[in-house]
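Input: structures, listed below.
One chain, chain A, links the two complexes that follow: it is found with chain B in the first and with chain C in the second.
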Partner chain A sequence: MPLDITLFGIQMPTLLPIFVIAAVVQILIDRLMADGGLYNYVWHPGLFRTAIFVCLFTIPCLFIYR
Partner chain B sequence: MLLTSQNMNFIRTLPWAHTFHEWIRIDAPVLIYMVKVIIAALLALWISMKLNLPDPRTAIFTVFIVMQPQSGLVFSKSYYRVLGTIAGIGMSLVIIGMFSQDPIWFIAFFALWIGFTTAAGFKYRNFQFYGFVLAGYTLCIVALPVIETPLEVFDIAVSRFSEVVVGIMSATVISDIIFPRRLLDSLISSEQERFHNVLSTLADSRAVFAPFDESNPAVSRFSSGVVGLNAVRINSSFESGSDQKERQHYSHLNHEYMNLSTTYHSLKSIVAPIEKTELMDALEYLYAPIVTALETRPEGAVNPEDLSRMIGELGKAKQEVQNRFESEHSHYKENDLYISAAYLIIRLLNELHNHCATYLSLLKHRLSGAASKELSRYVRFSTHTDNVLVALAALRGSGVLLFTMMFWIWTAWPYATLTITMAVVIGLLLGTLPSPIDGVKDFFKGSVLALVFAAVYDFYVIPAYTSDLLTLGIVLAPTLGFVGWMTTRPKLPIFSFGFVFMFMSQCALDPYYKIEPTKFLESSLAALIGVIFGGMAYLLVNFWSCSLTQQRVSKILRQQIVSACDGALNIERSALESTGRDLVQQFSTQGRLNMRSSRLVFEWLLATLEIGRAILTIRRSLKRLQEDFHSIHFTMALESIKHFFESPSQIYRETLLERLDAALMVLRRGTFPEEKGQRRRYETLIIEFALIRTIVFNSTTFPLLKEESCR
Partner chain C sequence: MNKNIKWVKLLRFAITFAVVSLAVFFGLMLWDNYMNSAWTRDGRVRADVVMVAPDVGGLVSRIAVVDNQFVHKGELLYQIDEERFHHALTEAQAIAQTRKAEYEMKKHRSSRRSSADAETVSSEERDDALYDAQIARAKYEEALAQVETAKLDLERSAVRAPNDGWVSNLLLRKGDYVQAGEKRMALVTEGSFWVYGYFEEHKLSLIHIGDKAQMKMLGTKYVLKGHVESIARGISDRDNVTDGRLLANVNPIFTWVRLAQRIPVRIHIDEIPEGFNLSAGMTCSVSIVPAHPIKGEPLGNR
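And then the complex of A and B:
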């Protein structure tokens, strides 16, 4: 993947849209997990959430900076 | 959870256990919060320095703004901060793009935007308010500095936004990871306390039938916290692990509590004027089964088994009260007072039964995930904001902006932009406080103290002791911790806000150290002048007085009754109740009511809620009742209620009482329908008309004429 992309004529680092998409996906997953009651079985929900976000954000980033 | 129960048991055996326990409960959370603030702020500083953002102070400032002891509050505030910043930045691009050449239009548009955000901020609750505040003052910090060089607006916009995002990310991650404190936990404990309160208040039959006693804490407590707990519930929805079903339970509990509290107070206000006679004994006899059932109420922590046993008892009490009512009914058939009070007692019991069942369902849901009660639908908490208050706030916001703009143009002082920003912030942010002028004073004091700190840092500590990011972090940490401590003090919120605002705008935290004494002094002076201008706006545009507030409230409440008479029929009772309570809450923080007039306004509210609900029930019953049983007297009675509340006077009151009597007479003398459903509606009409008549006849205070309680 390229380092920069152009959206609506504005050049920006690819990291930015990835961040936004990861955030949206994270919010959806979080809702699902909360309503499904998964957080009752997790020791530290906040840490778990953050870890999931880090995974979601960094996996696509690895493809950029490989 | 700081300590596991095993550790706690060990600690309990130690001699200083009590002291330690107190320390854990009261002091440790503050200390932890301070550490969290320091870490989050330094993280934000580090990231912004690493990303080479031009103004790391914005990031740290954002951390302080959104940081709260409980995670739910942080998420909710961050969310609205991001939205507000986006709106403000978008508007800055528009306004600079369109009007940067034309001062008149620029200022006019600017003032409109500030007026709009102030009004909208006033209209919305919780942290939505904060989003609008941000949208307003982001325009100041983005658009004003680039007015000479409009092309730079894109750079400033992008960097402001990045800094805010960095600050928010640091604050939310730190507060969710390091010793998170969930808002939901505090919701649970306050809900439990409230539940115990309800049970113990209702179990005391002497308190129910005693005349109104303001010193009785149980009675006055039994109405508070409806609006506040609703806000907590909304904010907790941003936390992890709070599922939808649980929140639904809380919103139902809040509504049921609200209904219970209204019924309780209505009952009290109806029975209060009754002398200790046969009638009173009959009512106490009717109430007795409730007291007996509540004697089995669980003490301390509630477990589902005890609670369901008590609900069984309440079910039996329902039957018993109904039997007693039917056996006594013939005796008091014509007595409106008895009919209304008995109806309220039965309603109170039904609502109590319902409330306990919902609470049981919540307990079961929390323990095993299996709620015992299907909650039908989502109940809405409606709010009401008075348009006069909103217009006043908008006027103040725009006015202060125009005035400071004139100051800028007349003096041509380059730092006057800071004056504008500060005045706008004051105008936007302190408007919803109970006493804004005291708030401005606190803000000013905080700012002056911050200037001293900033001067020490700028001219002594930073040049002398810092060489890199690590040392900068070390020297900053004590002040950051100090600010964190201040924000936990309940008496210092505005003071600490002023401190943070000024410290963060004057401290030399740029990527490259650059500070000159003249610049420091001039910009500090400009900011302080801005605070003074903002405060002056509160002094000038504030003609709100106690009697004016009372007039406004009584007018709005009367309008509610009028609209119940001829408005839409699909208004829910919950909407009526929450609107009224929200309204009174807002007026009692904004409108400077003294103790006596607050009490009065609360009584007005009760009368309005009860009459409004009764009118809606009557209209619904009439709609479903067969034509044969209708009478012109019913519509005439409704009409005269409307007339009375539209323009209250003694003559209208007498007409109203006459017509109500006529309607009741027709109902009681007429033939009762045979069919069961029709008969029930017919009886409902009797009860509701009797209730309205009792309230109108007995109530000494009404949202009618100007009362003299303000003096």
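And then the complex of A and C:
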């Protein structure tokens, strides 16, 4: 993946759009998990959510900075 | 029932713990890769630029190229008014003729005196005549050299391209006066393009000569391929300026925030995508693909 991406004429690190996409995906996953009752099996939902988000964000980013 | 609750409790801990440790692992990995992989946003395309200067001064009588034109080696760039050089050549030739005549006259005299007997011509006069002839010959040779110089000046009044390349930022106009040695035209040499990547100093140990490099041109999809050719061995020390009284002018310290210096790394361009025109001065992001992914020996001790 490229280091930088140009969106609407603005060049930015690819990390930024990935961050936004990860946030959107996170919201969807959060809904699903809440509906599915997964949070009953989680000790600390806040910590869990943060951890899921970190994973969603860092894994694609690792393809940029190998 | 009680046992079941215990299991659920354990499961809750296990799931959370697993996901959190995964997140920590990936987070640290990304941080490490981000900080310690060899890439920079400050890449510059550069090229060899010849500053074309005339060997002789004079009025420019004709410009033979237009701005950004491609020229081949030896092609005429501009012409300096030749008239003066024609006259100089004629003058030099005239002087050469005079000197030649003088030389012949003195040579003749010398041979006449040397063949005369000692009673008619004193040995002093004979010697003098011989030396005169030698001096005249040397002067004739000097005049011949001046003729050659005049011819060279005439030839050099046509300023030609020293190699293949593009005329850039042409500001010279017909009627301008150019001094000898004054650079008035820039010629970007064809095929001389290279990239300077300015890498922070702590990343230099990750870069080795010969490593593959990718250059993404600013705001485009084009990616150039290349390899590391060399690493600069010196940049200016910004804390070593002297003041008016010759004392060192050292900047005050930021104890916590340290700014990394950037060292130019020269990258040879191996592959340019089709349809992409390089110009010196373009910006690109450079990332180095290390040949030895994990700690190689840092740079060697050359």
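Quick notes on this structure:
Simple rule for what comes next: the second predicted complex is superposed on the first by the 66 of 66 C-alpha atoms of A that agree within 3 Å, B and C clash if a C-alpha of one lies under 4 Å from a C-alpha of the other, contacts with A are read in each partner's own complex, and residues count from 1 in each chain.
Here is the rule we use: contacts are C-beta pairs under 8 Å (C-beta built on N, C-alpha and C of every residue); 3 or more make two chains touch, one makes a residue touch a chain.
In this text, all values refer to a predicted model and were calculated from it rather than measured experimentally.
After superposition on chain A, the partners chain B and chain C are seen to fit next to each other with no clash. Of the two partner chains placed by superposition, only chain C is touched by A:Leu3; chain B is not.
Counting the residues of chain A that each partner touches, chain B and chain C differ, and the larger count belongs to C. By the document's definition of touching, of the two partners only chain B reaches A:Ala34; chain C does not.
When the two structures are aligned on the shared chain, A:Gly46 is found in touch with chain B, with no touch to chain C. Geometry note, superposition on chain A: angle between chain B and chain C about the Cα centre of chain A is 130 degrees, to the nearest 10.
Once the two complexes are overlaid on the shared chain, A:Cys61 sits against chain C while remaining clear of chain B.
For the pair chain B and chain C, the model built by superposing on chain A gives 5 Å as the shortest CA-CA distance. When the two complexes are laid over each other on chain A, chain A has residues 40, 44, 47-48, 50 in contact with both chain B and chain C. Chain A meets chain B in the complex at residues 30, 34-37, 39-40, 44-50. Against chain A, the residues of chain C that register as touching in their complex are 8, 11-13, 15-17, 19-20, 22-24, 26-27, 29-30, 33-34, 37, 39, 41, 216, 218-219, 223, 285, 287. Against chain A, in their complex, chain B makes its touches with residues 71, 173, 176-177, 180, 240-245, 369. By the touch criterion stated above, chain A contacts chain C in their complex at residues 2-4, 6, 11, 40-44, 47-48, 50-52, 54-55, 58-59, 61-62, 65-66.
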